[in-house]
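Below, subunit A partners subunit B and then partners subunit C, in two separate complexes.
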Partner chain A sequence: MSKRNLKAYAYLAPALLLAILFSYIPLAESIVSSFLRISQNGAVRGFAGLGNYAGLFRSEAFLRSVGHTIIFALLFLPLNTVLTIAAAAATRRKGKWTAVAEFIFISPMAVSLAAYAMIFKEMFRGRVSIISRILSTDIAWLESPGTAMLVLAMLGVFLDFGIDYILILSGFRSIERDVLDAAELDGAGSLRMLFSIELPMIRTIISATIFMAVKDALLISAPVMILTEGGPFRSTETVMYFYYLEAFKSGNRAVESTIATLSAAVSMLSMALIAIRRKHALKDI
Partner chain B sequence: MLSRISRAAATIFLAAIIAFPLLYGISMSFFTNIDFTDTEAHFISSAPTLRNFMVALSNRHYPRFILNSFITASLSAILRTAVTVMAAFAFSHLRFRFRREILIMLLGTMFIPADAMLYPNYRTIAALGLLDTYAAIVLPSVFSASALILMLGSLLSLSSEYYEAARIDGASDHAYIMRILCPMMQSVVAALFLQAFIISFNSYLWPLLVTNRNSMRTVQVGITMLGFADGGEYGAEFAAITLIVLPFLVLLGIGKKHISGYLTSGVNR
Partner chain C sequence: MKRTIAALLIAAAALPLIAMGGSESGVETVTVWHSNSGKAGAAFDQIVEDFNATIGKEKGIEIEPVYQGLANDVLTKVKAAASADLSSLPDIAQMDATSCLDMMNADYLITIDELGFDTSILLPQAVEAFSSYKGLLGLPFSCSLLLAYYDKTLFDSLGLEPPRTLDELTGIAPLIGAKDSSGKVTRYAMAGVPTTYELGAFIGAQEGLSYFVDNENGHAGTPTEVLFGKEGTFRNFLEHWKKLADTGYLNSIGSGTTTEFAAGRTAIILASSSSLTRILADVSGRFEVGTAFVPMTDEDATGGVNIGGDALFCFSGSDAVKTVLGYLTSPDVQMMWAKETGYIAVNTGIYDDPDYIGFLKENPAYSKAVEEMHASNPKVVGIWLPSAYQIYYSFQSNVMDVAEGNKSIDQAVDDMVATVQDALDTYAAANID
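And then the complex of A and B:
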């Protein structure tokens, strides 16, 4: 071991130690535990084979939480994609007021999850909420399953909006002026330019933000905790909220370790897909 | 011309939607208790009052919550910046064995969702005897693979001449990092620090799990359990929220260029 190696390892030690302690050890622990029978107090009772997984997929509460997560994703993804692209497209050309609009569109980054969730709770509370007044209805948004999920999806949009907007906006702005000028000379209208020239050119960024959004959608838990606590009638109990209840409230190690292993597997698969698509981007490191 | 008008209309419509919850939250912090229970929801207070802010600030726990958040966010930002700069320096300036393997291992943590590792991490923290400490709140979020990627991207674009010149002058690596690297990379380092601070200050779930005593709670957890609503003080809840959101809004306004430059530095490569 040369001195030069040692010096480099010393600089890397803190990062490595933290990565191992808080990412790799827990991952290994989850995978191993998912094949063991472990009692509530943590004592290992023997090998379970695939028993924990079979049990998980027989659990009605788990299957329902998968369903809720899918419904959430189906509401959240289109809303998030359309709104962020629309905001970025509307402000992609710099003008007098774009700086103000840009600030408004990135402002959600300054607001925490807890703050937004508390505000949303009040915005949609009861039959005489401010949103019901604006839309002139008397829907009790958070008290019936369908609308509660819709509110949760809207909250999700606000949590991701700032960063997605910045990424897509910078994509639009990075398109070479010449390309746009040439298209304009050809007489392409503004909408046609957007849909047939600009959006296709930034599709890598858009697909990256969608992938990120998919990941966020599948992992959603904390907003559920504050906004609906899984209700009404457990209709917004998502997979990761179910995980939280089982791991921390019921001490169910079988459910905890199998869900952890499965979500790590799903996350790795989806990230691997991005990595393959973006391989060229990492080549120079 | 028409397209400019339609873009402006779309911008105003979307900006109204995006700004509404924040503006309404701020507006509610001036509400009287009657405004919350009225038969018609109010946009603005019927009798604007600063009373809610007094109630929030005189709460027994609220100032302590803010202090805790400030301390943990500062620690988290300082540690993440240090750990990231050190690692990025090694990868960009030094040649050593297993360089590729270690880099893959560090970046591989991106594939492991932290939300699914809450329970084993909780057990680790408990086993280390760190529950209800600042270390418990801070440590698991110090290393960030995405921060490393962005930092490394910037360092790799730096000419190696600076490092060679510093070494010829007899400067140690430590001196080179502190006196040359960090000042030259000022805006990236500042953005990294700021982003880490905001993320840590705004985090909710992990601090909730590892703290039990009120004296260790962070403000994000705290605002959901101050219990003003139980005492009929709805407005105080939103005053407490407004007070912690406004500084970040100002900070975002000042650092807007830096932050967006930093976040998008990976986009166009």
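And then the complex of A and C:
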């Protein structure tokens, strides 16, 4: 091994160590545990075969939680993508007041998730909530299944907005000036400029934010814990919240490992698919 | 991931301890994890303060109360602590019936019998509620039961008595409910969706005594079989409940029923007797609050309600722990606790106390709970189930779906039997030899 390689491995070592300790070993443990019967205290009681998997797919609540996660993603992803791109596009040219707008858009990042979830909970609580007053309706947002999911999606957007906005905005601002000048000389209007020149140029950043948003949507749990606790009537129980209930409320260790294994498998599969697609896309160029 | 969350939970649980600093030398600290918030929280803090300033000071014992969220959150944290490291467990944890099955099968629990604590002075119904075939799991601290709260001003103006059965309620629903000129309901007859706790009464009372699951609802051993399906008790309840829903005067909301009641938008709600002081405060004299026995499914449902509330579960058997247990169930503490919260006192020593008798007389709403307790079959006991948190929400969803017409009664019964049976099987396979 050359000295150069050694140096590279030395740099890599801390990250690798953390990954092995906190990701790969637990993952391996989860995979093994998902085929066992395990007591609440962690004692192995025997071999379960595929029993844990069969039980999970028999469970109405689990299947519903998968459905809820998909519904959440379908609400959250378009909302999040459109809103952050729109906000970044509207403030991409530096002007007199853009700093104010930037500050407002970025500030959600400065407050913790739990605090925002609590604020949302208060704003939407009951039939005479602040929001219902403002909109002069008597919708009990968090007490009816459909609207509770909508509020959850809005909270999700709020939580991701700041970071996505910064990324997309810096994307816009890093576009070479001469490209824009050339387009302007050719007579491109501002809309044409945005949709035909600028957005295509920052598409890698946009796809990165979408990728992060997909991950956030599929793993959403903490906002659920605080805002809705899976309610009303289990209508906002997502897969990760269901996992939390099994693992911590009910102490079903084997079931918990089964869910962990399944979600790891799903994310590995999607990573692989993305990697293959990228390879093809690169070939096309 | 679970490890990380477990570590975080424990860190969060331990934070108040670190913040308080180490105890002085020679003083033995007894940590109590509890779930008392609001009025009960203030009362509990006062109780602890009094101990630390008097008995505790004399004997060199200090109670360190740690608020750990709702009763079920305390259980979550106890289990997380136990699975990480037994030394991170508190000395005492205040928990409710949902923790009993886990505690019955936990080798780190020290039962009250093992502690050798004399319980003869305590309320027999409350002791029964936490008794298992392994002995008394936790020392009853607060005792409550399901109670019907109604707008007495409204009932009096109509010349009505509170309903004794769901059918009676269905009959008077259009009278106690109200609609505006456009046909929109402005006052419902009843609000809420019964789930495990309420069904404990609705199912438990049928035929004088009915169990949810075998082994006397889990008290005589880990339950293995669902009974509410094949005995038809859940179906019977759903049929009566559906009739009530079909009047259009049932508001199927899963939370916020006391707010609706206080705002005059529902005539009756079911709530724990321990909510009494809070409900009275919310209503704040806008109308007279009456309390009554829970309206049962039918005339044959005579078993009454089950006793709920909290018990003190011990994970350490020191003399200091016994002293603290003795203090928390002492006449003075129980008297103050009952007055401040609405819980029924568990120390029978005060039942002849003129002060307590006077308190009951002045608070008819409170004494109704005591009356209901005596009218109930003590064998109608709380349901000890695994995955209790999830089953709670499954019952709620299914009852709501039936009430709203989204699911047939047959389907709801089948789904709930399957859900609970699955939970029993999973639990037994993993935890029972």
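To be clear about the criterion, the second predicted complex is superposed on the first by the 248 of 285 C-alpha atoms of A that agree within 3 Å, B and C clash if a C-alpha of one lies under 4 Å from a C-alpha of the other, contacts with A are read in each partner's own complex, and residues count from 1 in each chain.
Methods note: a contact is a pair of C-beta atoms (placed from the backbone, for glycine too) under 8 Å apart; a residue touches a chain by one contact, two chains touch by 3 or more.
This structure is a prediction, so every number in the text was calculated from the model and none was measured.
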{"item": "Which of subunit B and subunit C A:9 touches, first, second, both or neither", "value": "first"}
{"item": "Which of subunit B and subunit C A:90 touches, first, second, both or neither", "value": "first"}
{"item": "Partner chain(s) touched by A:123 [first = subunit B, second = subunit C, both, neither]", "value": "first"}
{"item": "Touched partner set for A:245, first subunit B, second subunit C, both or neither", "value": "second"}
{"item": "Subunit B versus subunit C as contact partner of A:26, first or second or both or neither", "value": "both"}
{"item": "Residues of subunit A touched, compared between subunit B and subunit C (which is higher)", "value": "B"}
{"item": "Contacts of A:167 with subunit B and subunit C, given as first, second, both or neither", "value": "first"}
{"item": "Partner chain(s) touched by A:63 [first = subunit B, second = subunit C, both, neither]", "value": "neither"}
{"item": "Contacts of A:260 with subunit B and subunit C, given as first, second, both or neither", "value": "both"}
{"item": "First (subunit B), second (subunit C), both or neither touched by A:135", "value": "neither"}
{"item": "Doubly contacted subunit A residues - partners subunit C and subunit B", "value": "22, 26, 244, 247-248, 256, 260"}
{"item": "Complex contact set, residues of subunit C against subunit A", "value": "1-5, 9, 72, 75-76, 79-80, 82-83, 102, 105-107, 193, 253-256, 259-260, 386-390, 393-394, 396-397, 400-401, 415, 418-419, 422-423, 426-427, 429-431"}
{"item": "Residue ranges of subunit A touching subunit C (in the complex, touch as defined)", "value": "22, 26, 37-42, 45, 48, 51, 55, 58-61, 125-127, 140, 143, 230-234, 237, 244-256, 260"}
{"item": "Contact set on subunit B toward subunit A in their complex", "value": "2-4, 6-8, 10-11, 14-15, 17-19, 21-22, 24-25, 28, 36, 38-43, 82-84, 86-87, 89-91, 94-97, 99, 102-103, 105-106, 109-122, 124, 139-140, 142-143, 145, 148-149, 152-153, 156, 173, 198, 201-202, 204-205, 209, 220-221, 223-224, 234, 237-238, 241, 244-245, 248-249, 251-253, 256, 259-260, 263-264, 266-269"}
{"item": "Subunit B-touching residues of subunit A, taken from the complex the two chains share", "value": "4-5, 7-9, 11-12, 14-16, 18-19, 21-27, 29-30, 83, 86-87, 89-91, 93, 95, 97-98, 101-120, 122-123, 128-130, 132-133, 158, 161, 163, 166-167, 170-171, 174, 189-191, 205, 215, 219, 221-222, 225-226, 240, 243-244, 247-248, 256, 259-260, 263-264, 267-268, 271-272, 281, 284-285"}
